[in-house]
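Below: one structure, written as C-alpha cells.
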Amino acid sequence: MSTVKLLEDHELSPQANAVFEDIRATRQTDYVNNFWRSLAHDPVTLKRTWESLKSVMGPGSLSPKMKEMIYIAVSVAHGCDYCIHSHTASARGKGMTEEEYHELLAIVGMAAETNRLATALGIPVDAIYKV
Amino acid sequence: MSTVKLLEDHELSPQANAVFEDIRATRQTDYVNNFWRSLAHDPVTLKRTWESLKSVMGPGSLSPKMKEMIYIAVSVAHGCDYCIHSHTASARGKGMTEEEYHELLAIVGMAAETNRLATALGIPVDAIYKV
Amino acid sequence: MSTVKLLEDHELSPQANAVFEDIRATRQTDYVNNFWRSLAHDPVTLKRTWESLKSVMGPGSLSPKMKEMIYIAVSVAHGCDYCIHSHTASARGKGMTEEEYHELLAIVGMAAETNRLATALGIPVDAIYKV
Amino acid sequence: MSTVKLLEDHELSPQANAVFEDIRATRQTDYVNNFWRSLAHDPVTLKRTWESLKSVMGPGSLSPKMKEMIYIAVSVAHGCDYCIHSHTASARGKGMTEEEYHELLAIVGMAAETNRLATALGIPVDAIYKV
Amino acid sequence: MSTVKLLEDHELSPQANAVFEDIRATRQTDYVNNFWRSLAHDPVTLKRTWESLKSVMGPGSLSPKMKEMIYIAVSVAHGCDYCIHSHTASARGKGMTEEEYHELLAIVGMAAETNRLATALGIPVDAIYKV
Amino acid sequence: MSTVKLLEDHELSPQANAVFEDIRATRQTDYVNNFWRSLAHDPVTLKRTWESLKSVMGPGSLSPKMKEMIYIAVSVAHGCDYCIHSHTASARGKGMTEEEYHELLAIVGMAAETNRLATALGIPVDAIYKV
C-alpha cells in the first residue's frame, strides 16, 4: 500500500518525463520501475535522486556488481523491502552468483550480530585503529 | 565506557586463552583487539563468535577486501562505532584504496536516502523482481 | 498479519471502552483505527498510550500539521509501515499539502544520507555546537 | 575518533575549495563545520552532497526552522550524534524556541513508542488510509 | 515476496537434509518453518545458524520463555516481521501468558521512547554506572 | 556532549522538583540520574515519562530483573549508549548475574543475525504462526 499513486507515462510532467527518458537511455530498457513512478510526483527530487544514483552507481573503482551488493547490505540493515528486492534483482542482473549472494547474506548477518555485541558491551575503540 | 572489564591475557580462562591463540595464529599477529577481550568473559560466546567470523570472513567467492567493505556498510547502518573503526582499519589493511572507500561511503549514503524514500512512499515491489 | 485479534466494539472491556469513547470525542469521529483495536487487549497500556498521545499531539507551540509531519519522519526512519500510513493520512487531514509532503520526504532522505556519512566517518562534533 | 583526517583549508583540492567557498557564501559565515572537512577528501561526493543539501534545505513551503526540526527528528531516529548536535544548533540558530524543541522531543519519543508497538503487533493498515 | 525459493524436503542437499533432521529431532515436530527452507540454499550458513541458535536458545540460566521474549524485543526493534511472528508464536508455545506479552510490549515501547529521548539530548553517562 | 544543560537540584522548577522527589521516594535513594536532569527542562514530559516508566517497570507478571533485561535488549538494538549503561547497571542492581547477562547478549546478537537474514530473504510468515 503506497502513500501516493504510481504515475503512468501519460501522467508525467514534462520534467519527470525527461528523467524517465534518461533512465531508459542509461539502462537500455523501456521498463521504469515503481520507485521512479512514485517519486515522479516531485520532479525536482526525482531528477536529483536519479542523477545522484546514476553518478554513485556509475563507473568507478568498484564493479557494478559489488556496488549493488553493498546496496543490498545497507537496504537489509534499514529493513527496506522494496530496495532489497530491486537491488537483489539488479545484482543478479549484473552477474552476482548465488554463491556470492549467500556469502553476502552471511556477512550481513554476522555483522549484525557483532555490531550489537560491541554496542552492548560499550567496547572502546583500540588505539591502533586511530587514523 | 564499557559494561565489562577488558580482560588481559593473564586473566583469561583456559578456554578463552585457546580462542585467543587461534585468533593470533589465524591473523598472524600477537595483537588481540578489544572486541575479543570483552567477549572473553563468556568463553562459549567467544568461541562461537570467533569461529563463525573466521568461517564467514575466510576464503570464498568474494575477496577479503570486499567482505570487509560489506561489513563496514552494515556497521554504519547499525551505527556501531567500534565496528566501523575496526573494519575500516581491516579493509585498509586488506587493500581498500581511499578511492574505493569513498565510493563505498557514497553508496551507503545513497542507499540510506533511497531506502527511506521507498519506505516513506510504501512503494509496491515490481512484479519483475519476483523470483 | 497481526499477533493479536483486532477487537470490535462489543468485545471491549469497560476500561477499554472508556478510552474508545474518549478517542471518539476528542477526534470527533466514530471511527477508531486498528492501532487502538490492537492495544485494547491491554487497557492499562491503551489508556496510558492514548493519554500520552493526546497530550503530545495536542495544542502547543507547533501546529497540528507540523506535529504530524515530524511523526511521519520518525516513523519512516523506524520503518513502521502502519505508522507511516496512519500519520501520512492524518497530516493530509490536518492540511499538509502535496508540496509540503514532498519537501518532508526530501528532508528525510537527505538526513538519512548525511546521517550515515557522518557516522561512517566518525566525525567529531564541532566545539561551536557545544551548549 | 574519525576514519579520515579533517582537512584544513590549505589542504583542500581546488574542487573542494570551490565547494567550501560556496558554503561560506551561502551561509554567510567563514566557519565551515567538520562534516564538510571530512567529506572534502572526495570532492565529487562533497559537491553532490552540498548541492543536494542546499537545494533540500533551501527556500520552499516549509520554513527553514521546521526543516531543521525534521532533520533533528530523523537524526535522532538514526542515532547520529554528529547530526543531532549540528542540526539542533542550526534549528536554534533559525529560531527554534526551547518550548518548540521540547515539543519536538516529546513527539520523537512518542512516535518511537507507538512505532514499536504497531510493529510488534503487526497491525494491518486501515482501509481508510488507502490512497 | 522472497528473494529465493522456499525449498521443499525433496529439494534439499544431503547436508541441508541433515540439518533439517536435527531441527525435527530437537524440536520434536515434523514441521520445519520457512526460515530454514530459505536458508537451505546455503547448507554451510544453514548449519552454522542452526547450531548457534540451538546453543543460544538451549538450556541455561534464563528460562526458554524468557529467551523467546528477549528475542521478540530485539526483533521488534529491528523491524523484522518474520521474526516477530515466529518468536511470538514460540514464546506463547513456551508458556508466555497474554499478560506477560502485554508487559513485554509496554517495556519495548517505553524503552524505544526513552532511548530516543536520551539520544536526542546527548545525555552523558553517569559516573556511577561505570564498571 | 549534550544539547541541554543538566539541571542541578537548585535549578529545578517546582513541578520538576516534585517529580524528583517522587523518583527519590520510589527508588529509595537520593541519587537522581542524568536522564531526569536533562528532561527536567520540560516538566510536562518529565512527569509523563517518569509516571509511564514507573508504571511499566513497576510490579507485574515479569520480575524487575527480567524487565530490565528486556530494556537492555531494546536499548542495544536502538544503539542508545546512555540507556545501555543505565539499564545494565539497574539490571545488575536487581540481581542479574553475569551468567544471565552473557546469555542476554548472546540472544541479542543471535536475534540481530537472524533478523537480518530473514529480512534479506523476504521470507513469508508461515501460516501456522497466524493468530
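Which chain is which? They are A, B, C, D, E and F, in the order written, and residues in each are numbered from 1.
The criterion applied here is as follows: contacts are C-beta pairs under 8 Å (C-beta built on N, C-alpha and C of every residue); 3 or more make two chains touch, one makes a residue touch a chain.
Every value quoted in this text rests on a predicted model; they were computed, and no experiment measured them.
Chains that count as touching both chain A and chain F, per the definition above, are B, C, D, E. Taking the CA centroid of chain D as reference, the farthest chain centroid is that of E. Residue numbering shows that chain C and chain D use the same positions for more than half of their mutual interface.
Interface comparison, A-B versus A-C: the pair with the greater number of contacting C-beta pairs is A-B. Greatest centre-to-centre distance from chain C is found for B, with centres as Cα means. When the contact pairs of B-F are set against those of D-E, B-D or A-F, over half line up by residue number only for B-D. Centre-to-centre, using mean CA coordinates, chain D is 27 Å away from chain F.
Taking each chain's centre as the mean of its C-alpha atoms, chain C lies 21 Å from chain F. One finds 34 Å separating the Cα centroids of chain B and chain C. Touching two or more other chains at once are residues 1-4, 44-45, 49, 52, 74, 76-81, 84-85, 88, 105-106, 108-110, 112-117, 119-122, 125, 129 of chain F. Interchain contacts join each chain to each other chain, per the touch definition above.
By the touch criterion given at the top, residues 72, 76-77, 79, 81, 84-85, 105, 108-110, 112-117, 119-122 of chain D touch chain E in their complex. Put simply, chain F touches chain B in their complex at residues 79, 81, 84-85, 88, 98, 102, 105-106, 109, 116.
Here chain B touches chain A in the complex through residues 1-4, 6, 31, 33-35, 38-39, 45, 49, 52-53, 56-57, 60-62, 66-67, 69-71, 73-83, 85-89, 97, 99-100, 103-104, 106-108, 110-126, 128-129, going by the rule given at the top.
Contact residues of chain B toward chain F in the complex are 1, 3, 41-42, 44-45, 49, 74, 78-80.
Across the interface of their complex, chain C is touched by residues 1-5, 44, 48, 52, 55, 125, 129-131 of chain F.
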